[in-house]
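First subunit A sits with subunit B, and in the next complex the same chain sits with subunit C.
Entry: the complex of A and B
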């Protein structure tokens, strides 16, 4: 037991937390960007699946990981356009659209997998490419710190850059203000001349591309193949983190970090003799407890008012 | 006598037309996709897909058997949706209730040897456990107003983990840790309804449940409260029934139906518990409720339709490498997208109504 405790304090453990946390952060950011603009994106999980699958497929047929990544972004945009069309032009409930797209992605990816490889399990037979890992010069030579933050996948650093970008976009630019206005009250936003549909379209595209990148991270780095069900509820964890954050980006990120630690602990405990079925539920229990804690806090706040 | 003339633009017929147009579009897209995949004009294959299940009673039996869990999941989800709750916990409820039913079905000390009593014990145990489990998100929603969708999804993963642990460690055959439970005792299993097919008496239970949900929704005070609360959240407050009580009751009922569905499915179709992952019914139930317009009869029809196509795809999958049951997701997604689109065909309706106006001067 002491051995396990020690391993939680090591640099490798923090490295693992970052490794497992990145797809969660992509998912959280995806949910966040859409929800502050007033169109909740429930399809994060489904778009991640497609991102992961098409990244592998495009990189395999083009022979280039970078063209694969471009394909991932395109798939994200296509999914966003479908969502935007049905929610904004056809007045469908975004929740229902999200549920439908999730189920579609889960099943349809299995079918595509079968068409492309002849099996329903993985894309192991496709000659897909992975995105490179990056060693940061100078920092990689610093003891401990270098071990923790250098040597991650390319998309890890993209994720961190995008987090900074979203923070600046939402809190420091007029466009961010417009997004929040659309989320708070679309009619009020419209009355002051904001083109609500345009702002929301951009937000949904950003959201879907973020989710797709999260998927690509899983199949073009974290692992080098796509396997069915590989997203394993990460998209939903992101949506939960966003719900806990309640519109505050820093709290969303912080919640994601907590969930990442829980996931890191799971990965570590998987090496022990503890039953993996029970260990696997730790992150979900954390999310649920966080949601309950948040609800109690909200309720107290409402009562105080 | 002032008999009203039938018009396609009236509320009822227009709704029918919309659903038909959605089905038409979904099938057309499926046909196009088939043509693309086979790189030919795949009309024959498409017709096969649509007619295969009617060729033999055995095949049609698949349709009937496969629609049972879809219908139960749809009925459970429908109750949530009608109340305005986006709860998807039917997935996890199905799994854990199945585990409970299995515990009873493999236990010779509990099984009496009487076929009706034994299957009833297993199915009711599944229902009751489902109802109790559903009370957790129900309580969190009713008391704390916690986001029921996220909670229910997290619960699905948690219930699966716990259920799978129980199956592996307590229900598997003594000594050997396998992925499946011991065999169900024969008397626990539901009897065949139609010989030479897989159709079991669970089909009758399903029809009874559809009728009961119909009566509950449209003929009782509780059903009225459920429908009104779905339309307007503050209704429950003014109806005299507390919102807390209403939410708890709805979760209890939906959990019971979901759990029962699991029991019926297992006792009807399986020899032992062998689900090594979530059965995927939480989301499908949501689709059934949506395609069926949140109406019990609609859910029944939706479950039949989707099950029919899935059976066709599964039967063809044996002889054709490009066809698989997962392909039917195209139909499901298009139906859901179009049926939930309130503006679908609205322009056409507007034009027709305008023409009518002009004709009448």
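Entry: the complex of A and C
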């Protein structure tokens, strides 16, 4: 047991936390960007599945991981346009569209899998490519720190860069202020001449591309194949993290970090004799605790008013 | 020729469903004047403002702005050309700061980023220039209504508005805040801004305006110099007939009245432990209207909420027709004979998204006349609501229409109709005519008198002193949570006399106040 405790303090453990945390952060950011602009995106899970599948497919048919990545971004934009069309043009509820896209992605991905590989399980037979891992010069030679932050996948660094980008966009630019305005009161935003639909369209595209990248991370790095249901509720975890954050990006990120640690713990304990079913529930328990925390916070706020 | 900044020429607006909202309206706004536009709810004022502000397009007619015919593509265009509008429902984002709200959509920039310092500096300077005492770094959610309105006005000024349209700005303000607003409006006028002022309150309109345009049923009834026109004349133009100012001729004596409401030593403290109602005692018999006068926020609201059960009171007893009601559920209270017209019709008074019919039966649907053992009786319900619509002259095409789509006066009629339909012994009317037009207000007043004549007891709270004085048989005055005066008749009592009690300058003796209770 002491052995396990020790391993939680090691650099390898923190490396793993980052490794398992990145797709969660993509999902959280995806949920965040859409929700602050006033269109809740609950299709994060479904878009991740498509991102993962199409990344593999495009890289296999083009023979290039980078073209595969381009395909991932494209599929994200397409999903965004579908959502935007139904929610903003046809005035459908974003929740209904989200449910529809999730169900569609889950089953349609299996169908495509059958079409392309003849099996329902994985794309192992496709000659897909993975995105490279990056060793950061200088930093990789620093003891401990180098071990933790160097040598991750390309999309890990993209994720961190996008997190910084989103923070600056939301809190420092006019567009960010307008995004929040659209989410908080669209009529108020409209009354000062903000083009609400345009702002929301951009937000949805950002959201869907983030989710698709999160999916690609899973199938083009974390693993080198797509397998059905490989997203394993990461999209939903991201949505939960966003809910806990309540519009505050730093809290969203912080919550995601907590969830990542929980997932890291699972990966570690999987190597022990503990029953895996029990271990696997740890992140979900964390999500539930976070939701309870959130509702208590809400209740207190309501009482104060 | 005087300097005309905005001219509306033969404006007609016909909605696709055939409703004629405006018909051949001609109005000229002079530069630097305060121009009021008055008319009943649904008379077409709002539509006209929307046309000026390019939210709606006129069907026919022309608009000239600074001498040129204009055709704004959208509100943005109108704003860019110097027309600003302060909407009745504030268009503010509560979690943003004042400065952020003001610059939103036209933010000062430093490179690609918002220059937050500059935003604060510019807005602070603007506030100073126009004598607004406001901290621009505060969040809007921390501001009171009057300060929020100032932020809205600053928003238009930030965008260099020359013409500022204010849609019922005083509906949400206390008398003191209204005075303050008027001082500011006069200042804007001196600085060359043109103000379009929309209001129901004719005494305010007369006080602040240079000129007044009247609209009735979508048609203009002329523009008048404010100093040359009386309030009576304006009222007549607005509703198209003479209006009674006294209801005395409608009052009928009631034989053998029974005791309806008996409140003894009622005290209420809020959650912070601050006493809001202090030892209030009074009673009401059938066939009378007891009015409660007072400056808003002196415990009237809490008193009503304690009696209706929206807030639990801590001490005292409340009896309706002899029954102690403190522990009763709302349904039991209603069955005991209580009904209630709440102050805020949109929050407590109705379900805006539901139909008129559903709203009208929401207090009575459990009665076996409307409901069988399993199913509601659709036909009877429809008939009942149609009868109520007719009886209370609600302007609508169908009982299936959503309440939220009606004008304020008509929504209030729906609420009054519903409360009346329970055949109550006690009617608690809280601000029953707030923010609605004179015609509808007059109608509701007569209904209240009618209920009184039928032997019901009515408790009336209103911030409108004229209303309390015109309707009440007896009157109590509240100040700082206490009953400070009692009048068993309003004969010879003047407004300024009541004002002294309301402001706490004078008060009656304990013995006199005790007479508010029947033994």
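Annotations for the structure displayed:
We adopt the following convention: the second predicted complex is superposed on the first by the 305 of 305 C-alpha atoms of A that agree within 3 Å, B and C clash if a C-alpha of one lies under 4 Å from a C-alpha of the other, contacts with A are read in each partner's own complex, and residues count from 1 in each chain.
Keep in mind that, in the parts below, a residue touches a chain if its C-beta (ideal position, glycine included) is under 8 Å from a C-beta of that chain, and two chains touch if they have at least 3 such contacts.
Model, not experiment: these values are computed from the prediction.
Considered on the superposed subunit A, subunit B and subunit C are sterically compatible, since they fit side by side. Of the two partner chains, subunit B is the only one touched by A:233; subunit C is not. In the overlay built on the shared chain, the residue A:193 is in contact with subunit C alone; subunit B does not reach it. In the superposed model, A:185 lies in contact with subunit C only, and not with subunit B. After superposing the two complexes on chain A, the angle subtended at the C-alpha centre of subunit A by the centres of subunit B and subunit C comes to 70 degrees, rounded to the nearest 10. By the touch criterion defined above, A:99 lies against subunit B but remains apart from subunit C after alignment on the C-alpha atoms of chain A. When the two structures are aligned on the shared chain, A:292 is found in touch with subunit B, with no touch to subunit C. Of the two partner chains, neither subunit B nor subunit C is touched by A:9. By the touch criterion defined above, A:138 reaches neither subunit B nor subunit C.
Within the superposed three-chain model, A:271 lies out of touch with both subunit B and subunit C [touch as defined at top].
Note on subunit A: of its two partners subunit C and subunit B, the one contacting more of its residues is B.
Taken over all C-alpha pairs, subunit B and subunit C come no nearer than 5 Å in the superposed arrangement. The part of subunit A that touches subunit B in the complex is made up of residues 42, 82, 86, 89-93, 95-97, 99-104, 106-108, 110-111, 114-115, 118, 120, 229, 233, 236, 239-240, 243, 275, 277-278, 280-281, 284-285, 287-288, 291-292, 294-296, 298-299. Those residues of subunit A whose C-beta lies close enough to touch subunit C in the complex are 168, 172-174, 176-178, 180-181, 184-185, 187-194, 247. Contacts from subunit B toward subunit A in the complex involve residues 37, 86, 88, 140, 144-147, 149-151, 153-155, 157-158, 161-162, 164-165, 168-169, 277, 280, 283-284, 286-287, 290, 321-322, 324, 326-330, 332-333, 336-337, 340-344. The residues of subunit C lying in touch with subunit A in their complex are 74-76, 79, 85, 87, 90-96, 100, 104-107, 109, 112-114, 155.
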